[in-house]
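Below: a set of structures, written as structure tokens.
Okay, so chain A shows up in both of these, paired with chain B first and chain C after.
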Partner chain A sequence: MPARRIPFLRERRPTGGHTSLPVLFALAAIVVFLVAGSLLSSIFAQQTVAGLAQGAIFGSLALALVLIYQATEVINFAQGEMAMATTYIAYQLTLWGLSYWLSFFLALGIAFALGVVIQLVLIRPVQRSVIAVVIVTVGLFILIDGLVTWKWGADLKFMPAPFGNQVYHLGQVAFARNDLGVLIVAIVSVILLWVLFKYTKLGLAMRAAALRPAAASLVGVRVNWMLAIGWGLAAVLGAVAGLMTEPTQFLQPTMMQAILLYAFAAAVLGGLESPAGAVIGGLLLGVFLNLIGQYVGFATSELRLPIAFAVLLVVLLAKPNGLFGRKQVRRV
Partner chain B sequence: MTALLELEDVTARYGPVQALHGISLQVEEGQIVAVLGANGAGKTTTLRAVSGSVRRDGVLRFDGRPLRHRGPDAVARLGIAHVPEGRGTFAELSVTENLRLGAYVRRGSGRDDVTRVQEYFPWIEERRHQQAGTLSGGEQQMLALARAFMQRPRLLLLDEPSLGLAPLLVTEIFRIIKEMNEREGLTVLVVEQNAHIALQLAQTAYVLEVGRVALSGPSSELQEHESIRRSYLGY
Partner chain C sequence: MRARIAPRLIVAAAVAVVLALLPFQLSGYHQGLAARVGIYFIAILGLNILTGYTGQISIGHGAFMAIGGYVTAIMSHDHHTNLIATLPLSLAITFACGILVGIPALRFSGVYLALATFALAVSVPQFALKFSKFTGGSNGIQASETPSYEWIYGASWTCAAVGFVAAWLLLRGRTGRAFRAVRDSEIAASLSGVSLPIYKTLAFGVSAAFAGVAGSLFVISTNGFAQPNEFGVLLSLQILVGAAVAGLGSLWGVLVGALFIGLLPTISADVPVVGSAHGQDVVFGLIVILIMLLLPNGFAGLLARAARARTRA
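Let's turn to the complex of A and B:
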């Protein structure tokens, strides 16, 4: 038997430089604009917070896409459907009488296991070929969609409201408790993930495996395992996005499809290789869409998706690698 | 006494290209062994065959244990550190993170090891947070050594540590390798183009020619023979 070899070894050269100054200035300007607007107008403030909540969901799912893209240079088209399926699992757990938050955390655990199993069983056998992996994720999209519809039906389902329906008043401004809750859950999960990658041995090994698989294996990192764990973590983030979508969109098999497209847009906007970029891209997109929905007359909900992609196109014309992406120089 | 590392009739190939045609060599514990030869002779592939980063056949034993079915990560866990061609530095990560990765196969925090490594490379202390890709070539080579050392390996595989470095730096790096060998009893298998300096460092040397061992023996003997030097070592 030949020795195991690790496929997909495409080494990347150091990518130089940090985020460009114009981008940082533009971000600072946007923050100032949002804060000033919120102080002047209560409706603006409400729309901004609601947009941030929506954007945090885009950002979580975008981050899941980036996690997998960084390691394997593949977009997981099934990420949204995996998120939707784990939300249904949480729903099933609440039907069995478990409390919302117990179901929430159990569903995250199940999502992790499913992510790992999907990588091991479906992705690993074909991972030498990027196009084969993409086709498998598209197949997975259809498979999960079919399974969920078969098991739970296509009609709307409802879960208990995780944060209640109260509204907080701060002066003239009304904040939905749900929006704040969604925002906090998404931010906490992103921070936990950042701590994992920055400060733990496992996180360091995962980064090493994604950056330089050959060198990582030489220091003893099980690169294939790191990839599987990466899929597991991406599935957990997706599950967070799905569960946080449910209170406003409710459960149906198509619930994550538009959100996946927004997440693509957010990830590309931030630069597909940049986790921070994905989160910021998601937040920007969420706020932007909510504000134009409020203030621009013709921007009805049917136009939201086209507008998002028009903006994306304009940004990419100016910065082809996204706001935080860096030019990749590849060794040949 | 059996050798720490034993290769018997090892072959290796890259796709259709056979790179090793049956290499046999032995590395005793505590020794420094050099593998010399021209470009394409199979020096790098020999190291890769040991660490499992190329398909190989034949008998490979480390401390009596067979290596043939182990991949690179499993070989690393046995206590073999491989500083590959191009040094295997994680250029995007910081100096500290590179060192932490070196200690990946070991339990515990590895803080003592950082202190120990800094005795050999004092400059590391103040460069801890620097991105490894921004270090100079010599510093990167030293970082690669330091990273390998963090692993506390029983055997260190070094691929052309002199490559691309100024003569003064090469001398310094070989001095550090020698010191690690003498102070810690570290066993080293080093591949080198620079036969002159490698023979000064190593006790034993193997000269490869198109994937076979052309000759081998104690470094002092290889150095003495005028004809060998001319035809194989090129100096």
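Let's turn to the complex of A and C:
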């Protein structure tokens, strides 16, 4: 008798590890281009570093989206608003007199709890229908937006600057300390997450639950709990993105909305199923947008979003499953 | 077959009579609100044809509404075209746009399509900002005439009724069968001789045309004023919420979905608990979530369940 399958979780083969050669060549060419450009022009170098910092934020939020997509094939439209809400919580903690970094880590803890609770209470009951999950996250988007505006108001708020406002000079190139700090925090959190998934028992169980839910539950993995923890981790990554956005955009209820859209683009660029792809997609997008804003006169700020999505569409038309995604093979 | 259709026809006729008598009972402001419901009705109908019947998810119908709306505003502002005459024009243009979008969309499915259409919803208002020579930029563009509330109510619900009948006729025959076949299994449909590219792009075109007309009426109902902010991402999401509340794959819940997104924000603004302008969003978000938790298949799902329970009893 065949094992009873959990109906809403399709079994999928493991992904990743099979990046096609042309993509690798293209990436290598882009890296060479960026390095050469940075050596030749100091403005180019500055824009590249600022773009990488911006891209690291896109990448963190994109990674949060991918974490959830990988496990349940749904997109969380409220990811950005959850990040925004936890950033406000960190702000409230600093108002109560805690230091920035203490508030930072407390807020990450709260974000984790929030993510787990949202999955358990709101998402799990409707998990069977993708469209219902999407609508619930849209409802959550509106709800969180309303709650935050109600509690803290719509005007700009300011937190203490985590990295200060110094500028480093390297030859003629000026690097904002904040950009470097953002880049480092984002990269460290991505590496920590990778270590968690690769080298811990919990990470193994989570991967098993995402790839083969029925088999995982047979060997004793609590699949439902793993999904909830996945939402928690995604919320933590989102919170990192939110807190790293704050020094440049300041606090306001709409601060993450555009960033969520860029994160969508980054995640799809990387192939939605590939965590590494999400991060690389984010970095590429950040640098590309900054450079094109610097050197192409037509690309004014109104066109930033359309350009990001035009890039996305072009990539998707060439590779419908993203740069690092796998071709989907389905049994009929 | 006849027995199943008859009670629904009676309900539809009753709703039509109520809608026809309603304007005599309402103040101008409430007529405007009721007209807005009719406009959402048309847009949800269009989205339902695409997502509910053909299985292609779109989070970008606000974009087609924006295109339709700007066609009306620009034609009226620059060429003083009669507002009614702009409707067929906006229908034709958005139908063509829908076909144009539908062709690349053939390569995407599921979440990728959802995000690609979302990209459209985000980009179109930005284009309106960029090419301000034609669209008036962030100040918007004003149509040359502003009709009365009665006029708007009549126009919206006439279009809604025509649209409903057209959708019903389209979906009950050969085309509707092909759409549903594509939704249920693309491979099985193509093996049965249904041309996937033709029917999928056709569904996109028809659906966009509905949204375009809704967008034109939307602009007319906001004092003939077209502005990029009005067509933001939130509008696309609202229509999707309306379609989900109505229930996908059935035409009989659309009115409930339209009432939901058309009236709930206004009603929830009056809820005293939170006592501020932002309480509206809190209540709206909560109710959207609750409805999905209680009725994951929307109002039409509830109807279907009730019908099943009756036949079993």
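Keep this in mind: the second predicted complex is superposed on the first by the 317 of 332 C-alpha atoms of A that agree within 3 Å, B and C clash if a C-alpha of one lies under 4 Å from a C-alpha of the other, contacts with A are read in each partner's own complex, and residues count from 1 in each chain.
In this section, a residue touches a chain if its C-beta (ideal position, glycine included) is under 8 Å from a C-beta of that chain, and two chains touch if they have at least 3 such contacts.
The structure presented is a predicted model; accordingly, all values stated were derived computationally and were not measured.
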**Message:** I'd like to know which partner A:Lys201 touches here: chain B for first, chain C for second, both or neither.
**Reply:** first
**Request:** Look at A:Val311 in the shared chain and tell me whether it touches chain B only, chain C only, both, or neither; answer first, second, both or neither.
**Result:** neither
**Item:** chain B versus chain C, judged by how many residues of chain A each one touches
**Value:** C
**Request:** Mind working out whether A:Ser129 is in touch with chain B, chain C, both or neither, as first, second, both or neither?
**Result:** second
**Asked** First (chain B), second (chain C), both or neither: which does A:Leu272 touch?
**Response** second
**Request:** Identify the partner contact of A:Arg212: answer first if only chain B is touched, second if only chain C is, both if each is, neither if none is.
**Result:** first
**Request:** Return first, second, both or neither, reflecting whether A:Ile43 touches chain B, chain C, both chains, or no partner chain.
**Result:** neither
**Request:** Figure out whether A:Arg222 sits in contact with chain B (first) or chain C (second), or with both, or with neither.
**Result:** first
**Item:** Touch list for chain A against partner chain B, complex
**Value:** 1-6, 12-16, 201, 204-205, 207-208, 211-212, 214-223
**Request:** Using the touch definition up top, name the residues of chain B that touch chain A in the complex.
**Result:** 51-53, 55-56, 68-73, 76-77, 81-82, 84, 88-93, 97, 100-102, 104-105, 131, 133, 147, 151
**Fill in**
Listed in rising order, the residues of chain A that touch chain C in the complex are 69, 73-75, 77, 122, 125-126, 128-129, 131-132, 134-136, 138-147, 149-150, 257, 261, 264-265, 268, 272, 300, 302-303, 305-306, 309-310, 312-313, 316-317, 320-321, 332
**Asked** Can you list the residues on chain C that touch chain A in the complex?
**Response** 51, 57, 104, 107-108, 110-112, 114-116, 118-120, 122-123, 126-127, 129-130, 185, 187, 233, 237, 240-241, 244, 248, 274, 276, 278-289, 292-293, 296-297
